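Chain lettering (A, B, C and D) follows the sequence in which the chains are written, and residue indices restart at 1 in each chain.
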Amino acid sequence: MREPGKLLCEAAVIDIKWLNDSYYTLRFHSPEMALRSSPGQFVNLKLSNVKDLLLRRPMSIYRCGKKEGWLEFLLKIVGRGTRTFSHVQPGDEFGLLGPLGRGFDFDDVNDAILVVGGIGIAPLVFLAEEMHARNVNVRFVQGFVSQSEMCCAEELTPFVEELQIATDDGSYGFHGDVVGLLRELIRGKADLTGAEIFACGPNVMMRSLAELCVQENMKAQFSVEAHMACGFGVCVGCPVPLHNRSGYYLACTDGPVFRLGDIDFAD
Amino acid sequence: MREPGKLLCEAAVIDIKWLNDSYYTLRFHSPEMALRSSPGQFVNLKLSNVKDLLLRRPMSIYRCGKKEGWLEFLLKIVGRGTRTFSHVQPGDEFGLLGPLGRGFDFDDVNDAILVVGGIGIAPLVFLAEEMHARNVNVRFVQGFVSQSEMCCAEELTPFVEELQIATDDGSYGFHGDVVGLLRELIRGKADLTGAEIFACGPNVMMRSLAELCVQENMKAQFSVEAHMACGFGVCVGCPVPLHNRSGYYLACTDGPVFRLGDIDFAD
Amino acid sequence: MQTSLAVRLGKLELKNPILTASGTFGYGQEFDEFVDLNRLGGIITKSVTRNARIGNPPHRIVEVPGGLLNSIGLANVGVESFISDKMPFLRTLQCRKIVNIAGESLEEFAEVLTKLEESPEGIDGYEVNLSCPNVEEGGRTFGKDPKQVFLITQALRKITDRPLIVKLTPDCSDIGQLGLAAQEGGADILSAINTFVGMAIDSRKRKPVLGTVTGGFSGPALKSLALAKVYELGQTVSLPIIGIGGIFTLTDVIEFLLAGASAVQIGTANYIEPRISERLVDQLEGYCQENSIASVSELVGALE
Amino acid sequence: MQTSLAVRLGKLELKNPILTASGTFGYGQEFDEFVDLNRLGGIITKSVTRNARIGNPPHRIVEVPGGLLNSIGLANVGVESFISDKMPFLRTLQCRKIVNIAGESLEEFAEVLTKLEESPEGIDGYEVNLSCPNVEEGGRTFGKDPKQVFLITQALRKITDRPLIVKLTPDCSDIGQLGLAAQEGGADILSAINTFVGMAIDSRKRKPVLGTVTGGFSGPALKSLALAKVYELGQTVSLPIIGIGGIFTLTDVIEFLLAGASAVQIGTANYIEPRISERLVDQLEGYCQENSIASVSELVGALE
């Protein structure tokens, strides 16, 4: 939201933790970056001295200890970069460029429902924490493929009113997708349909969530992904279609958080 | 010399030791490879799971524990590969392809003078050991840029009659290059000029050594270097000019050891 | 010792040979917080076209072995917004400001250049993008045909007296012929190279990754291909050459100078190390001092 | 489930689409101790010329970002020694044996082919190297000119009825035109691509690393460039295509098939992982089984 300037610096890993088979967190000592970060923003990461990963990898800020001076990311192994990053040791240096992008806007929000699918949880834990600090009422709805993927419940409980979980395979909580679960939750509850939605997840989830919000006439903000080269508006490589498809926003500088109605999720 | 077939295998580093600022040894557990190796042969090394080094790096067999089942290489940091290899830890896996090439022939040799410059020492320690085991009289003449580069004296003493050292800057031993030192040593000594020379070092040293051997009418074998892609005679990428420049040997299969008179060092 | 980094490329004088490549440095302002722009030899802007262009559909970027593919499609604000919104900042800079122009026809090139010539001061030269691989109608076809290269260069030459740089495509049989055509057309300088055409496939989805199927390959692995093109041009033309392709380190810069380039452009590296252009100026200065090189121009074409 | 890896490329039937690229697999025998040669779709020999060639001066090999440069200069034993010394081993193999031929003139190509045609059985087809970047007089110039490609193909077509594969250079403005020329000349199959011209410089010595200054770029970073060429050819010609360039993994193989190649050749990877060709056959079989692909040919050109 606010953009107090980005930093380009090196920072050492101070902790790496595995949450399940493919999710892990990397914590960095980076006091100045922590101070400047707000929920929904991201940092472009590069492992120093590794040559076979060319581009930096954009990662949402997952948690942030502004007082203690640390910044944490939640990564899911999906390809070369996230795999290589998973082999680091405390003490290894990364290059950090950030905080980047425009985060979530919750200045005038009293009630919020945070909706995430899979690794989409990464930016919303920080958001829940900051909302809590500003007395926003936070409900959290998580979707996972299966119980074995579940994570972050512990981190979230201090900040949320309610935490609901859906699994695609029914191995835990609601059997079905997270949008289905949300639909159940808000059915007929006027207090809930008055809340604003904050979401991050796979495109198919975001699309069906957007439809639900339109039906229910709810406001919503979405954190979207795009392939990026630079992360700061130079390469023009991260287009997000305008709602009417007449042009594109840039995910890295206009987003990654967009409002319902501004962009198009189709395809 | 003998070629009992090459192996293509993985092997773990069991030890890494620094001899000076830029020379280090890597020891691998690889019993079968050790058994097949003879002095002057090399192994093509590749660090498993490292993608930004494309080609294997050829390394002479420095020492070899046939009974204990290990193989050791002596590396000097000169570029990307030798630098990356220097960061490995015991337990890290390499791909090994070898033993490759034709080594030294000392079946009918009684007196030998081994002459090395800098990292050229790598293949000649193994040779000294094997010669000693077969009762060859070994004299060893080493050249280094400076005292700080000196190494391997301890490893050599059990096997050699005499160990002489030259440094370019005069910081230790003979002040001058190793061929100059050799010239001094053999001057007027008929028993020494009857010995056969076995040498490895930079091209400029090999060229002047070759001239000396011609003058003194001494037999000599040289281990040469060439840029290699495959190491086993397929890419035809490692030409060594024939003495009359009418064509090329292949360093990897015809060499890396060649006899004086067979090849041309000029250029 | 004293060393001079200044180079002269025909009528274009640069205080040092480090330029930033079109499309990788925005309109300069985006890097103001990372780099002291005045330390650079110069900035080459994103390609400017007659009208604003929204660019190609996603994805536009994908990392591939040795580099990345892009399919931006010359997304840019158009020449009028460029003049009103981007030039004012550029005008505040002391380094050379080179405007890169592109188009889908000779007329478009000429119109863009004419508009720029009419605008107030602040432009030190033009780079003509005859080589964009991501615009079917435009650069792609012209850029490969020596006759078209000649005609466009000739037409633009009539419109401006400022230094005219023609940027060549490597996707050709004979870059020397393209260079000669630009030289005959009146170009002052050649720049080489733009990206090669490449393609990435998502084998799971069985789909091309890029929205436009193919895109332009840039990055580290471009270097050895670009060095060959620069060297070949140097053997063929008499114009000064600016070398581009996969430059990330001081050694890369020196290799291009030795191969015959009088200056270089830093491209993809800017995305990953936003400070790299200025750092290379520093390093080049240090290198010349350490090696007692009185003028960096001694290195140009100094291959044995 | 049952799966078939067999592919048919015009008159050439392969038991699977994995071939080894010319110059990277010797004459087969060198890999006998690493690979069960009979499991491969086929072997393509090192280029054979009229006379033995000693090749280019050192250095011939240098690693560069994303790949390597080579400047072998078609060093080979010559067609007569090939027939007497290399064919006997090849004849013992059950996989397809394709002889790659090269020359400096139409006459040389024709003479080499004629000699091979006169030799006893054991040859399943020919690949015509119209694209060697390391021989000034020969391939380099022919290979880029559609007219020459047509003439040579036509001449060779008259000499043999065996499958005739024309190997194309990527260093051209329009590979589709080269492919069409070969098609009109009577080629059965196209293979693409050979190496791109590249250059490496030793900045300390201020010298080109390679004895011939420039060389051919191969290896991982070639993949995205080669995929674009294969795709472009597939859109232009009707002949089956063999894809080559930077193939190291199963995913690479599948990408080439999807892009439109009916088979692939493994090149540089053989130097580093001598067992890779056979391993890719295994992995491709596993992939087809897991994904319920009855015939691997379903993948050919199956991009959405």
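Convention: contacts are C-beta pairs under 8 Å (C-beta built on N, C-alpha and C of every residue); 3 or more make two chains touch, one makes a residue touch a chain.
What you see is a predicted model, and the numbers here were worked out from it, not measured in a lab.
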Shared touching partners of chain B and chain C are A, D
Chain B-chain D separation of Cα centroids, rounded to whole Å
36
So how far apart, in whole Å, are chain A and chain B when each is placed at the average of its C-alpha atoms?
56
Two or more other chains in contact with one residue: find those residues in chain A.
51
Touching at least two other chains at once: which residues of chain C meet that condition?
67, 220
Topology of the chain contact graph, where touching chains are joined (line, ring, star, complete, other)
ring
So the touching chain pairs work out to A-B, A-C, B-D, C-D
For the chain B and chain D complex, residues of the former touching the latter:
5-6, 8, 46, 51, 53-56, 95, 97, 226-241, 246-248
For a test of understanding, state which residues of chain D touch chain C in their complex under the given definition.
64-67, 69, 144-145, 171-174, 196-201, 203, 205-208, 213-214, 217, 220-221, 223-225, 227-228, 231-232, 246, 251, 254-255, 258-259, 302-304
State the interface residues of chain C toward chain A in the complex, per the touch definition above.
23-26, 30-31, 33-34, 46, 54-63, 67-68, 70, 72, 75-76, 219-220, 268, 270-275
Show which residues of chain A lie in contact with chain B when the two form their complex.
50-52
